[in-house]
Amino acid sequence: MAEFTLQQIAQRLELDRERGGDRVIRGVGEIDHASPEQIAFAESPDMLERVKRSAAALVLVSHDFPEVTERPVWRVENPRIAFLKIAELFVRRHGCDGIHPDASIHPDARLEADVSVGPRAVIGAGARVGSGSCIGAGAFVGDGVSIGRDCLVEPNASLLAGTELGDRVIIRANAAIGSEGFGFAWMQDHHHRIPQLGRVVIEDDVEIGCGSCVDRATLGVTRIGRGCKIDNLVHVAHNCDIGRHALLLAQVCIAGSSRVGDHSILSGQVGVSDHISIGNRVMVGGQSGVTKDLPDGETAWGWPARNIKKAMREQAAVSRLPDLTKQVRHMEKRIEELQAALARLEQPEQT
Amino acid sequence: MAEFTLQQIAQRLELDRERGGDRVIRGVGEIDHASPEQIAFAESPDMLERVKRSAAALVLVSHDFPEVTERPVWRVENPRIAFLKIAELFVRRHGCDGIHPDASIHPDARLEADVSVGPRAVIGAGARVGSGSCIGAGAFVGDGVSIGRDCLVEPNASLLAGTELGDRVIIRANAAIGSEGFGFAWMQDHHHRIPQLGRVVIEDDVEIGCGSCVDRATLGVTRIGRGCKIDNLVHVAHNCDIGRHALLLAQVCIAGSSRVGDHSILSGQVGVSDHISIGNRVMVGGQSGVTKDLPDGETAWGWPARNIKKAMREQAAVSRLPDLTKQVRHMEKRIEELQAALARLEQPEQT
Amino acid sequence: MAEFTLQQIAQRLELDRERGGDRVIRGVGEIDHASPEQIAFAESPDMLERVKRSAAALVLVSHDFPEVTERPVWRVENPRIAFLKIAELFVRRHGCDGIHPDASIHPDARLEADVSVGPRAVIGAGARVGSGSCIGAGAFVGDGVSIGRDCLVEPNASLLAGTELGDRVIIRANAAIGSEGFGFAWMQDHHHRIPQLGRVVIEDDVEIGCGSCVDRATLGVTRIGRGCKIDNLVHVAHNCDIGRHALLLAQVCIAGSSRVGDHSILSGQVGVSDHISIGNRVMVGGQSGVTKDLPDGETAWGWPARNIKKAMREQAAVSRLPDLTKQVRHMEKRIEELQAALARLEQPEQT
């Protein structure tokens, strides 16, 4: 377990003041559960009592947080970010300790300096792994796959031939990247596979969650743009193009040749039809089904996904629909009564 | 293949009578397909003809089942449960036959008595595997992972550092437990990872299906409560708390920090937003989207998920909506006619 | 990298004319990106300018495509299919080069001629692998599993005991076939597992995508019919029966004991309840929820899935619902005015 002195932590936060000296910190924790060897943080003034009761060695608070005497506090610009910076000190990449003797590495694979390969990992012919990258236990790196610097491939993930990873990419456990996707043509009496000869390019700083699948392109490239973050169990089909810094939440499903713009966010379980274009900075609400292009900046929701205001108006109208139905039935009666009354007036002799 | 005499099977069912003697049984089967070496069961009296025609060595029926002379039958309290008890005799855990020489086990791992580890499985430093547990081929057990007694981890499942399994837990093939989930904060020009330093605690008797993912907590614990059963391809995000004996069916997706109460059931493809609290004994219908808290005992459905009676009323109203629209259009005309007629009556000199 | 002369390629297309001679071709490409060593194709006459500008060695066009002099073209019956046939020449199954010394193969496994087994793959006791089949790195083939001829099992896929593959089956990376599915019975104080003793039968020419799961039957068989194609992250529960040449797109979820007929298509994220029967040649639109049987030839959509014309009529009515609501409110006022006017007419002395 990593440990740091309070002084080292003050340096990490670029706090010039001398604080805490050589007291040892062994982690971070939540305000209510932190141990005396951990650091916690508090954002809102109404957490004052919890700060007072906390067992933490130190609590990070903002400059305008109320006075605390019961407990050591450090006042910082942004307690949450300061906390994150400290937390990062304690992150350890398990299984990244050099080349394990039980790894299976092809003699033609090219491993740069400081590469780690876990037990039972497989690295194929012509594959290249950049310096500082870590290939987890049981992970598969296919023939000719290219992995940049400081990447992490977690255990049992599969990177098939034709996959290229930029720098600082993370592929989580049991993800499958670069397989042949769903391309078939009906020929007389069977679905005939359309060979998928393209590649998958995962740009710098991308993260792909556990169990997610990104298929290679039919021809050309399936691209995941720089800084894009993909959650667990997401499906990205052949020839898709996902923009920079886009977020695809868990179980999102994107059919072939669709495009998601930069900084767009697809919430959990969203489905996107094939050949759809979603613009930049679009937000799509959970479980929506995108069947038409969405312009830049749109916030969409529903099934099919449409402008959220319109969708919510419809949703509200549906929830009042049983009442509306009753109202119409009642109006129907009143109209009949009116007609009857009118008939009496028009032909008074008949009444 | 396991085999038992009818006498042994009678003992298993705690039937005190002497039956069947040493006839050999090699399995169980469906009434219509059972072989003469298998046992079948019949629940309902209208299965009488199928019982008569069955080739099974023996058919389990209830005490009030009609008279059968063509075939040996055993009358029991509950034929289905008796059948289950026999079926369990024939379950064999393949690949659970001791430590395979091709396993990769860290010298600092602690394996109790009667542990099995399959070929190509990896057990990390400081991991602990309780007695009677079986780690399947190619499965990954990360550094410091703790596994209780009589657990089964199926092939190619990944248990990352920070995972703790109780007793009798089953993790099915290709599941991924304990990875870092979807925690990011936007910082100027990129999504910055929030280190996920917490754990995953899987309590006793939990089962997690193939390909499912349970992320570790940011801080603290992601908890799967005792006796909970999780189907295939389910996503449980960081810091979720799933109650005891809850059922999460296939492809359920639960976002961060949400809570599902004891004995609750989420049907297939249900989505739950983050920070949602679902009470105890709640039932949520398939594909619903839970965006608001649900109280104890609620039965909810729809998108967004709401009380099922209300949801079905709305659903019924929507299916009649095209008719309602026509009705309103027709009423519009009648009102116009009424207005015209009234105008004639009010100003008769003008007609 | 494979290479062929133009003459060899002409033979592949069964073109009897002598063409191109010994010019070397090293792949296929898209019209706009093809290199001078690649072949491209153009389907529609409006691609004429792009054909002229293409760098491809050769462009396949239809017989009625406009005259091209700037670039070599071959006129064929169906340019797309001809292109596919050429593309298939360049497909290479990576990692299919014989038995790797790092594979773990049980002495009782039976491997026919020309079988490939990748590094870290595991083949259990009594398993059988047919000639020409390729088992990828890290894949698991359980005890007694039967694999036909010319199959491909991609890296880290898991085939558990009780799985049978026909010929030419493809199981993609990280898929899990033949595990015990979601079968439980509530007994007093816990969900009791119902032993799943059945099998999974995957017939000839089936393809199952990355991360997909097919559970074995409780008793009997879970069947995937001949020629069926299953996309990524699909769940098929115990005892399902999927018809011949059916297509299940990404993230489809089929609950226990349901049946999908021949040639039916379930689009992405469709959910099917348990014990449902979907007929032959049925099409179900994306994200639909099938909760009732669907007859042969039906095209269904929505939630719950119903005839698409009815569903779209309702959908259109919902999108006009806010307007309808306003219209009704306005009609309400007019009726009140009519009633008031009528009252004045009926009792003129009171006005």
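Labels A, B and C are assigned to the chains in the order they are written; within every chain, residues are numbered from 1.
Simple rule for what comes next: a residue touches a chain if its C-beta (ideal position, glycine included) is under 8 Å from a C-beta of that chain, and two chains touch if they have at least 3 such contacts.
These figures come from a predicted structure and were not determined experimentally.
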Taking all residue numbers used at the chain A/chain C interface, answer same if over half belong to both copies and different if under half do.
-> different
Chain A onto chain B, rotation angle from CA fit, given as a multiple of 5 degrees | 120
Euclidean distance of C-alpha centroids - chain A vs chain C, Å | 25
Hey, what residues on chain C touch two or more of the other chains?
-> 120, 138, 156, 174, 211, 233, 251, 269, 287, 303, 318, 321, 324, 328, 331, 335, 338, 342, 345
The answer for chain C against chain A in the complex is residues 27-30, 33, 80-81, 84, 87-88, 90-91, 94-95, 100, 102, 118-120, 136-138, 154-156, 172-174, 205, 207, 209-211, 227, 229, 231-233, 245, 247, 249-251, 268-269, 286-287, 303, 318-319, 321-322, 324-325, 328, 331-332, 335, 338-339, 342, 345-346
Quick one: in the complex, what on chain A touches chain C?
-> 104, 120, 122, 124, 138, 140, 142-144, 156-158, 160-161, 174-176, 179-182, 184-185, 187, 190-195, 197, 211-213, 215, 219-220, 233, 235, 237, 251, 253, 255, 269, 271, 273, 287, 289, 291, 303, 310, 313-314, 317-318, 320-321, 324, 327-328, 331, 334-335, 338, 341-342, 345
